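Okay, so chain A shows up in both of these, paired with chain B first and chain C after.
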Partner chain A sequence: MRNRLDLLGLCALLAMVLVVYQRLDPTLLHPSTITILSAQFLPLILAAAGQTIVMLTGGIDLSLGAVLSLGMAVFVIYPPDAPGGVVAAMALALAVTVLAGAANGVLVAYAGLPPIIVTLAASFLWGGVTLIVLPQPGGHVPEGLVRAYNLGWHGLALPAIAIGVALGLWKLVKTTHFGLALYAAGGNEHGAYANGIDTRRVKIYAYGLAGLFTGLAGIGLAIQTGSGDPTIGVPYTLNSIAVAVLGGISFFGGVGQMRGTLLGALLLGLLTNLLLFTGISTFYQMILQGVVLIVAVAVKTLATRKAVA
Partner chain B sequence: MTRMTRRALIASAALGALLATAACNVDQGNTTASPAGATGGASSAAPKALKVGWSTIYLAPSWMQQTLQMLEEDVAKLKAEGKVASYETFNANGDTSQQIAQIQAMITQKYDVILVDAGSSTALNPVMEKAVAAGIVVVNFDSLVTSEKVIRVGTDQVEWGRLTAQWLADKLGGKGEIIAMNGPAGVSVSEERWKGAEEIFKKYPDIKIAANVHSEYNLAPAAQAFASAYSAHPTITGVFSQGGALSAAALQTLVKQDKKLVPITGENYNGFLKLWADKRKEGFSSIATAQPNYLAVIALRAAVAKSAGTAVPSTITVPLPEITDENLDQFVKPDQPDDSYPIQPIPQSEIDKLLGA
Partner chain C sequence: MTQTVQGSGVRAGDAGPRRSFDGLRGNRALWAFGVLALTWVAAVLFARGFGSLASVRYLVQTASFLGIVAVGQTLVVMMSGIDLSVSAVVALSAVVCAQVAAGSGGAVAILVALAVSALVGVVNAAGIVWLRLPPMVMTLASTTVISGALLIYTNGSPKSASIPLLDALANGSVAGIPLATVLWLGIAAVAVWLLHLSRLGAYAFALGTSEPASRASGVPVPVTTLVMYAACALLAGVAGLVLLGFTGTSSLTMGNPYQLLSIAAVVLGGTSILGGRGHLLGTVAGALLLTLLTALLVAWNLSEGLRQVALGLLIIVLLLLYARERRTA
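This part shows the complex of A and B:
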């Protein structure tokens, strides 16, 4: 019940932002605008999905931005004429990011280290590896793919479809034994363990799955920008956390819905664009973004606390 | 009061607050979007006054603040001439994805001119090319992109590295041991300056690079980085530095530790110039060049010219100024803060020459 109310609140906020947006940009519902916006939001949505999975285990992933850049770098340096072409490049990039994620999971699960420390260290590690893979901006992404992604392919908004597919994938995962175990282990680790759930394995899978979403975000960003950039991922770490929190994912694990994260990402993205349209001074834009985030989270926390009391 | 109503109240209060902020944004948006001066200023014969926007990756550093000020002064002039109708600055705050969104928003809002100081040399290419395809004049300056479809105004960063490294090699008589102070790894400007410097140092096998340090272009992190490199290599005879704050950090460290002052290459960062002027009598020597703030003004002028139908070269390379022991006094500003970048303004005739080439 409470979850539903939270989502309704987010939907209401989003609807309001959309109404204001429509006033400033009347083309909002045209297919081309939807393509542009989804192309712009896809990396953030997927990164936030990855962050959400880690947060559901009660952890936090500070290496997300670095792993995103790493996935991007691996994707763009794979030679376009090598066997498998762009598909092999994607597979390779995703394999790397899944392993990077799973490595975090192993350290958190078996070494018993706090996620914040493990992933902070991992952020330096993968940041360095990324610079070896791709020392400066460049690399190769097929031009046709860049055009199809940014401008639409036969009128289809490819990024929007990709987001749909990714969320569908999550929906499937959630119904599996692993999905249930993830919420259980995140909500009450000892309880879950006592009930026969291998919480360590759950954590490793969860971090690995987060790596998969992060890798997809990196590939999306590479296709959006037509290139790789070893330092571009950094802001995604904090933005993905902000989005997940806005979407109602609890820092303490086990509570929250991927739908909420999606709404949170759309809300933050649209709001940022909205501020760009209004032409208010750029420093006030940052202040407003901060205020909106704090107000949204504070109101949610307040509402939740009352419900518990 | 039931829990439900209480929750509903909280929710509606939040909605109201957000609506109020949004509404006031809209009002402000409308007032800035309708330039009052433009309709009065532009005569029917003159070309249409332009809607100009600047998207920059950072606005906080003092170099950017100085650039903004110079740009706004020039915008005021062009507004008075009826050539510019409105002007807006967008700050991406280090987030390249945000910068893409900014340029996208400017396309949607039908800007006539988009100026860009890029956060990535490649990531903005698709959206900038889209703006060009939409008939917008896009001029990129300072931190340059690789796309050849936009007008680019900058200095030659490889030449920057060559120029200062050559001076250092000459000063050392072709032999010695140096520490290299570079900018952040993976950033094009830093990589290019170092590329130019390496080209020179390769010609001098007797110059040994004891340490190659990367740090932010900021005094505090640079000072830490230099201090640790220097403690490992106290016998160095020179420092190659590719940024003013880096040079200042190195020189300050030597002064503070009361060590022998070795030649250090520099940039027109006032804090470094002041220290250089002060230590010149003790035999300290340097060369400095500059990423001049007037790149922004040249970019704006190029955009205005292009919008009026004048042919403008697609790549405008602005010569690097040279500050030496001899002309240092013309540049250093003892009464101004360390964190400023003194530069002689560029005469209009020089701008015309660069645009007309």
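This part shows the complex of A and C:
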């Protein structure tokens, strides 16, 4: 019930923001605006989805930004005229990010090091690999794809569809045995283990799956900007954590819904854009982001404190 | 009890100074010094120019920037907190100092910069204690707020400043030892006292071991949290000032490397990221070790990418060697 109240609160906030937005920009619901907005929000939404999966296991991924850049780098350096073209580039990039994520998972599961430390070291590792793959901004993405992605393809908002497909995939995963095990292992690791769940394997899969979402975010960012940048992912690490926390995902694992994360990302993204309309300097965006995070989490904690204590 | 809880707050509080240094002996901090010594010997043997006195001097001088931030980070990590805002505070302190110095002179600028830094720590602690925010969320939020505020304050282009006192502090030396290093070791000494010998330090250890238990046994949680976070932010501010003296210019991103490296230094120094276990001197070794490793990788002429890969792998290997967490039974 508390969970539902959280989500309802977020929905109400989002509705308010949307109403204000609609007044300032009446084209909000036109397909072209939706395409532009979803292209703009896709990397954060998918990165936060990846972070959410890791946080559900009770972990945290500080290497997310580096892995995002890595996926982007692999995607843009694959020559478009090579066999398979864009599709092969995507598959290759996703394979790399899934492996990078799974490697984090193996270390978390078997090394006896806390996730925050493993992924901190991994952030250097994957950041370095990215710089080797793509030493400076560059690479290329087929122009037609960039245009179709950012401006719509036969009236379809491709990024919005991509987000929908990715979240549908999560929905599917969640109904499997693995999905149940993920929540169980995150909520009470020893209990889950005692009930015959291979918690180590669950963690490895979870980090790998997070790598998949992170890779998709990187590919989306590459297509949106039309090229690759080896360090562009860095802010996504902390932003993804912020959005997940805003969406009600607990640091301690096992609690939270992907819907919350999605709402959190939309809320933050729309608020940032609203500031642009007001004509205030974009510098204020960062302050707003910090304040929203503090207020949202504090209100939630204080509102639910009585029930906990 | 005594076998399972090494150097924990309970013992440090009960038995005072002597026990606390016993804790160091059986602790992973000693490992950090061992690995540091081995790495240095390896560097002297396998890389050029690491044996000279000048290179050692340069090493300890450059390590002191990271070292000062990491000392502060240790205070916070020990009570199972974390301060992600140190990167922003390093920049904040340097930028504010440079900006104020242009109008009101060096001394005022330094004081203002330090006051602003400490204030950030107080605000962080307030959010953690009274709003009950997880430390990671609170310090993350203050990082973005500070970064935004600095952009507005400087309009995107921070000033450079030459302040004689900071210049001397960063580049001068006494009896062949860089002043920055003297400052760092002095700060570390005070921090060892605060964390391992004072009552407040015992409280911090207790908090790191178990917050509910500490609350129940009357540990003044707000005061302890406030002092430790304020000290951490103040030290990040000091590091920002020394860096300003070292480079002569301030930039909005100058603190960025310290966010993760300061945590890495703490953990490499043998402190548990979960709090309650470790020794501050280990962090001194951790900062030296990270700086030495970086210098070594630079000396081998590796590309920036390979350097990062190597550093990441080395950190993981070293942690696997001596910093594994005991599985909670």
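Convention: the second predicted complex is superposed on the first by the 303 of 309 C-alpha atoms of A that agree within 3 Å, B and C clash if a C-alpha of one lies under 4 Å from a C-alpha of the other, contacts with A are read in each partner's own complex, and residues count from 1 in each chain.
Quick note on the criterion: a contact is a pair of C-beta atoms (placed from the backbone, for glycine too) under 8 Å apart; a residue touches a chain by one contact, two chains touch by 3 or more.
These figures come from a predicted structure and were not determined experimentally.
A.B. asks: Do chain B and chain C fit side by side on chain A in the superposed arrangement, or is it a clash?
C.D. replies: They clash.
A.B. asks: Let me test your reading of the model: by the given contact rule, A:Ala49 touches which partner, first (chain B), second (chain C), both or neither?
C.D. replies: In the superposition, A:Ala49 contacts neither chain B nor chain C.
A.B. asks: Counting touched residues of chain A, say whether chain B or chain C comes out ahead.
C.D. replies: Partner with more touched residues of chain A: B.
A.B. asks: Contact-wise, after the overlay, does A:Ala210 reach chain B, chain C, both or neither (first, second, both, neither)?
C.D. replies: neither
A.B. asks: With the two complexes superposed on chain A, say which partner A:Ile117 touches: chain B (first), chain C (second), both, or neither.
C.D. replies: Once the two structures are laid over each other on A, A:Ile117 reaches chain C alone.
A.B. asks: Could you say whether A:Gly279 touches chain B, chain C, both of them, or neither, answering first, second, both or neither?
C.D. replies: The first partner, chain B, only.
A.B. asks: Which partner does A:Gly290 contact after superposing on A: first (chain B), second (chain C), both, neither?
C.D. replies: second
A.B. asks: Between chain B (first) and chain C (second), which does A:Pro135 come into contact with in this model arrangement: first, second, both, or neither?
C.D. replies: Both chain B and chain C are touched by A:Pro135.
A.B. asks: Would you sort A:Ala160 into first (chain B), second (chain C), both or neither based on which partner it touches?
C.D. replies: The answer is neither, since A:Ala160 touches no partner chain.
A.B. asks: Touch test for A:Leu302: chain B only (first), chain C only (second), both, or neither?
C.D. replies: Touch status of A:Leu302: both partners.
A.B. asks: Is A:Gly226 contacted by the first partner chain B, the second partner chain C, both or neither?
C.D. replies: A:Gly226 sits against chain B, while chain C stays out of touch.
A.B. asks: Take the contacts of chain A with chain B and those with chain C, and give the residues found in both.
C.D. replies: Looking at chain A, the two contact sets intersect at 130-131, 135, 281, 283, 285-286, 288, 291, 302.
A.B. asks: Provide the residue numbers of chain A that touch chain C in the complex, in ascending order.
C.D. replies: Those residues of chain A that touch chain C are 60, 62, 107, 111-114, 116-118, 120-133, 135, 238, 241-242, 245, 251, 281, 283-291, 293-294, 297-298, 301-302, 305.
A.B. asks: Can you tell me which positions in chain C touch chain A when the two form their complex?
C.D. replies: Residues 82, 84, 127, 131-134, 136-138, 140-145, 147-149, 151-152, 156, 260, 263-264, 267, 273-274, 303-313, 315-316, 319-320, 323-327.
A.B. asks: Going by the contact rule set out above, which residues of chain A touch chain B in the complex?
C.D. replies: For chain A paired with chain B, touching residues are 5, 9, 12-13, 16-17, 20, 23-25, 27, 33, 36, 40, 43-44, 130-131, 134-139, 146, 150-151, 221, 224-232, 234-236, 239, 269, 272-283, 285-286, 288, 291-292, 295-296, 299, 302-303, 306-307.
A.B. asks: Across the complex, what residues on chain B touch chain A?
C.D. replies: Interface residues on the chain B side: 3, 6-7, 10-11, 13-15, 17-19, 21-23, 25-26, 28-29, 32-33, 59, 88-91, 93-98, 100-102, 104-105, 108-109, 119-127, 130, 146, 184-188, 191.
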